[in-house]
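These are the structures, in structure tokens.
In what follows, chain A forms one complex with chain B and a second complex with chain C.
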Partner chain A sequence: RSDDDDDDDRGKKMPVRVVESNAAPQVSGNDPGNRSPLPPSSLLAAGQAFSGTQNVSNQQKEEAWRVNVQIQGVDLEHGYLCGTMEALNVPMADTPVITFWEGEIVDGKNYTFYTGKWEATREDDMRHWSKFPSFAPLQGQVESDGGRQLDLSNYPYIFMRWKEQYFVNVGTDCGLTIAGFYYVCFSCSDGSISGFYYDPNSSPFQKLELKTVNEGKSGFSFSSYELQ
Partner chain B sequence: MTESSSNGRRNGNDETSAAVNRRDPILQFLDKIRLSGDAMEDNEGEESPTELNAINSAGGFVIVSPDKLSVKYTNANLHGYDVGVAQANKPAPVKCLTYYFEIFVKDAGVKGKVAIGFTKEGFIMRRQPGWEVNSCGYHGDDGNIYRGKGTGEAFGPTYTTGDTVGGGINYASQEFFFTKNGALVGKIPKDIKGHLFPTVAVHSQNEEVSVNFGKQKFVFDVKGYETSARNKQQMAIEKIFIPPNIGYGLVKSYLLHYGYEETLNAFNLATKTTVPPILIAEENAIDEDDLHQRKTLRKLVRNGDIDAALANLQDWYPQIVQDDKSVVCFLLHCQRFIEFVRVGKLAEGVKYGRLELAKFVGLPEFQDIIEDCFALLVYPKPVESPVGYFLEDSQRELVADAVNAAILSNKKDGCHLHSHLEMLLRQLTVCCLERRSMNGDQGETFRLHHVLNNNSTRR
Partner chain C sequence: MPTSSSSSSSFSSAASSSGNRQADVFSRLASSDPEVKLKALREVKNQIIGNRTKKLSFLKLGAVPAIASALSDSECNSILVQSAAALGSFACGFEAGVQAVLDAGVFPLLLRLLTSSDEKVVDAGARSLRMIFQSNQAPKYDFLQEKNMKFLFSLLNSENENVSGLGASIIAHACGTTVQQQVLCDAGVLEKLVILLDGSLSQREACLESLATVLKNNPEAVSRFVGLEAGRYLSSVTELTKDRYPRTRLLSCLCLVVIYNTSPSYFLNMGTKSSLVTTLLELLNDHGQSGDDAALGLSSLIAEKEDLQKLAYEANAIKNIVDILKTGSELHPKRLQGLFLSLAELCSKLEDCRCSFLSLEMLDLLVNALRHKNADVRTAACICFRNAARSVKVAVLGALSNIVLDFSSPKSTFIEYGGIKQLIELSKSMDPNARCSALRALRNLMFLADNKRKELFYSEVKAQGFVSLISDPEPTVQEQALALLRNLVDGCINSIEFVFDEDGLILDTVGKQLRKSPQAHMAIQGMYVLTNVASGTELHKEAVMQQLFPQPQAESNNFMLKFLQSHESQLRSATVWTIINLISPSSPGAHDRHVKLRDEGIIPQLKNMVNDACLDVKIRIRTVLSQSMSFGDN
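Presenting the complex of A and B:
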């Protein structure tokens, strides 16, 4: 016979980590009156979608994958954000491959320009950040004292590291690896993103370039005010 | 993310496989001996369901009988989540043409909500088969088929107390099929991949169902169903026209390859006198002496007259026995030893073994076979022992084939190691395996001895 309880809602929700600050603040002396180190940016918010390419060329071939990214959550107070990344037209996969990533925002309070993990040395850090033109004005200070004196809250670019945590729709034997991470630079003015994938076991400096996608905007936006 | 670096960096592999192919081709006969020692498994090692799984059945809703072949509903049917479900203890085997089982409705209870179907491991055991994705069920109360959602489709008749209902999977057509009281009810496409458990369900008071996984004869003639499925395929094959001279050519080359001189002569005569005469292209001029010699050697080996075979080999094809550590020499000396054992001359056998077989002891290719062969000495009745296969005619045949293969492979005009017919059969086997692999590794494959055995019973 037909089932009584036929109208099950089977929708699955994307898990978003409940943030606990397990990264000790790396820079002391924060301003108690300012809850978030960086001001909110309307284009770096949950629901915002981006689209572009990742260049995976190496000595044997030229290849680029189309990539879509969607921000799933942003917690500026803790310098945390997360989202999904979808790679299309990957030759060895017969479906688009989706991963879930978590990001660290270089805000001088929660995270600095030094990665300190994921097999990235200080030299690797400098090598990658310096590939972003927008990093040039900051480079001197970062090299000398790690950028402690920098006030990044007024800078029109946001620097981040994105680390993919797991594959969402394929198995780990899909022929792809998420062992590395991206150095990312986000432009607050137009929401464009560029990044470099770092993995000591893969070809270096694979470039990620994304722009915002605004047609049929997928997600929601809030406005926020603060009374001073 | 990026590509995993373990792809495509292996160049060393090609070299190792080439090295393997360059080994002495006669070594394969040693592998054949090793295979004789293993029992031929008909079902490729797959297990079949034999009873219900009493451990994961819907506890609290059903009781499984002590013989694990019956299930009875014990709850009060209040909603859609208190179905009493039981799965078989093993999933249906997949390396065959069909799988089939039957249920007998002992008591349709108050509401007759019996069901038969297939579900996967981890199925929610409080739901009817077919109400959840990756399951299917033929329900007795409405005769509908359920294939993954709560509403079903019209499929067949209802069924109740006293009915025998069967559920099956046809792996070739990738369909589920169901039967009632010996008649086919219908079939639906099987979109579910992976292993499936035969499943029964009861859902109202007093419902009781027993299950038959093949211990008793089925009411539905499932063998007949399989045969008609195979026949359909066979008819499609027979519609393909192949000129007769190709078939005859294969037979002729087979006879020539194995040195069946007299049969070949009779065959040639017959093909010339058929109407219309079959013209078979001659590939090379037949070397009559060689054919006669190979025939003689085969005859000697098959009669167990190894000394004569060795003597003739020394005269006719000395290069084959030049290397006295070659596989051919090993096989012949081994067979001589076996012939001593066969007639009970154990002392002479031991003497011969010390003389001729000792040099092979310690060589890795021969070690295991030598040990098994010497083990013949240990048993009072070697024929009935686990190594009794050495005493069968098939072993003599194998040695004869090896001698023949060694002679052919030594010829300058590059004879094949296998006859054309065998190469064709090998290709057929591989293609069938590949086709099955593309079918999710489900279904039958080509097994020569099955075909030969089945054909002989048809007469």
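Presenting the complex of A and C:
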């Protein structure tokens, strides 16, 4: 660290609040009715693209196919986002398979860590969330009261559930299933995504791992649209 | 009393040529024989009633001053009645007629009739005055003068329904400033008006119109109205939305819309909200003025209210409105404006609405509306398109079943119809709102657009065109232009080349605008343009450095430092992203650029911001600083 740091008070206009990233952030007060949505995160925005793999293991073998994801829209107010997922080199299909998915953002306002549908029990929820290292500081609170006192708006990870809704370019007879959903963890700092697929009728814990994609450029770029 | 200028009566000499039937009537109008005069008056009146063409032709021949003379010179009641009626007809729904009538000094003459002992004369005078007061050209009534208020109340108190209706009309077509509303309420106008609710059809309608003017945006007045007889009159107005006369239903709906927009707490009952929405939707089918007014009323009601938009959507609003638009008949500009604004509101927040709308093959209609001669219609269509264009599901569903539109496909119908060209035309409009809306629509169109669409767009605008847009005098337009540019240069690396066209003209202009201390919203878009350009090659990054630190430059001109200290977290964020891209380790010149940024005070400034209040900004700064450390920053 530089010797200059302590002497340099130029431009100290920002309120200084030190946040320990390892402690579980808390909301003051216990009022669930007035929760706010999560603040925007640059890399979880419409137009951002991610690429990586999903490993698909079953009894016979382990295989992985390449996956590209693009976020199509984010509505933080309603804890909603959506996008497309493209799976490449899928054995059963002769073309890449594209699906459209919709996501729920765990923000304590619109959605909580408890899924409450899609045949996922609370135990299933805890089993999956606890596989993300960044969930560890929150685990205790989520187990005890569902995480109602957590202040997720200051946490550099965003937890979501992504559910594929339909196939975009193939028929439902393509031999693939979209019956389940993903538990997803997004890292705000580098935009990396990991996820676990849950479907009572499929092998458990099929893992999705994605990183941001910059279309061969040397840096990040951003588009935007406006409706109002 | 407000007066308009009087003029002496005379008519064109061309009118006296014989053999011309119309001209002939003029000489008879001027006749000293009352019987002849009366017959001529009746003739004119009968010809012009409901006939705009006849009104215009008689007007041109100078009929109005001629009839005004008859009105002022005569003492015979029948002549007074017929001339008043004829003049009223000229003014009815015909702006040029209102103008002519007022110019001819008819106003005071008609007022005089109100004090006549003959009921028919009073009636004719009141009716004609009501026609004049339907127009914006009607003299502005000065409510603040006590004698005027007295006169107004004498009208309201009259047993004659046309006279009391006139009183209400005068109120209805007033400006409705808060001061006027206050003065009227204090004088007890609400108590007088509500009596008319129980009167004849004409009185009821006049009352409803005037209530809307008095209550609009005035919570005190609304509270007073609702308080009258413990809410009895609010219930009456609500009941009237189910009246058998469409105009009554419409006016009561508009009244409720005013009350709802002013003080929504009186409408806690979902049922009332729901029936208000459905009644207005039904009224849209009325072919006359009620339908026109219903369209604007609906857009006003659902504006910014997601719950009402949902109600409207569930009541099939989108399909109904689109069906009306597709009937192919020439719709009144006010109706078109109202319908497009309603669609725009419906598509503003609800994804389902957008999908429904876009699935109905509306685009050719929208494109036509963008070319309409009426500016309000063009603006409304633009807003509608802009809101619908970013349907997130549709972009993906283009490959499925019956959704025709697919913005990401080169086969898009909208492009085929030259929609982009139309929007570019609109972006040059005189009206800044239209420019802004057009650019917003284009921005949304360029979002994640493929190269083909970007090339198509750019070829219509070119570098100079962009420079004009970015240098627009209105900050909101500049902001949209920069946002559009931002989307244009995002995507594949080749897209960045647009800003280098014509020797880097566009990039220079962006830099120039940023150096001018712009407002935050504009600066955000400008910095994202730089961010996107800086994600490219060495040459691109160096070009951005040139814009940030042109030589020679004084320290005080460093806008980056200013932006980093902005209260707007998005601006701080956008600025830090530019830095992240400039020192991205994968490019050879990153180290040298880092040195420059450090020497210019940028990196030290970031060190002060490690605990920025905004999580996103804080995270990005930490990225820069860890990169900085890896360069061996001391």
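The rule we apply is simple: the second predicted complex is superposed on the first by the 179 of 228 C-alpha atoms of A that agree within 3 Å, B and C clash if a C-alpha of one lies under 4 Å from a C-alpha of the other, contacts with A are read in each partner's own complex, and residues count from 1 in each chain.
Criterion: a residue touches a chain if its C-beta (ideal position, glycine included) is under 8 Å from a C-beta of that chain, and two chains touch if they have at least 3 such contacts.
Being a predicted model, the structure only gives us computed values, none of them experimental.
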Partner chain in contact with A:Gly180 - chain B first, chain C second, else both or neither: first
Which superposed partner A:Phe205 touches (first chain B, second chain C, both, neither): neither
Chain B versus chain C as contact partner of A:Gln72, first or second or both or neither: second
Which superposed partner A:Ala87 touches (first chain B, second chain C, both, neither): first
Contacts of A:Pro156 with chain B and chain C, given as first, second, both or neither: second
Partner chain in contact with A:Pro39 - chain B first, chain C second, else both or neither: second
Of chain B and chain C, the chain that contacts the larger number of chain A residues: C
Which of chain B and chain C A:Val168 touches, first, second, both or neither: second
Touching both chain B and chain C, residues of chain A: 2, 4-5
Complex contact set, residues of chain A against chain B: 1-6, 54, 56, 85, 87, 92, 97, 99, 164, 175-178, 180, 197, 199, 201-203, 206
List of chain A residues in touch with chain C within their complex: 2, 4-5, 8-19, 39-42, 46-47, 72-73, 82, 84, 98, 100, 153-154, 156, 166, 168-169, 188-190, 214-228
Residue numbers on chain B that touch chain A, as the complex places them: 1-5, 7, 79-81, 113, 127-128, 131, 139, 141-142, 144, 149-152
Interfacial residue positions of chain C with respect to chain A in the complex: 347-349, 386-387, 390, 392-393, 395-397, 399-400, 440, 443-444, 446-448, 483, 486-487, 489-493, 528, 531-532, 534-537, 541, 561, 564-565, 570, 573, 577, 580-582, 584, 586-587, 601, 604-605, 607-609, 611-616, 618-620, 622-623, 633-634
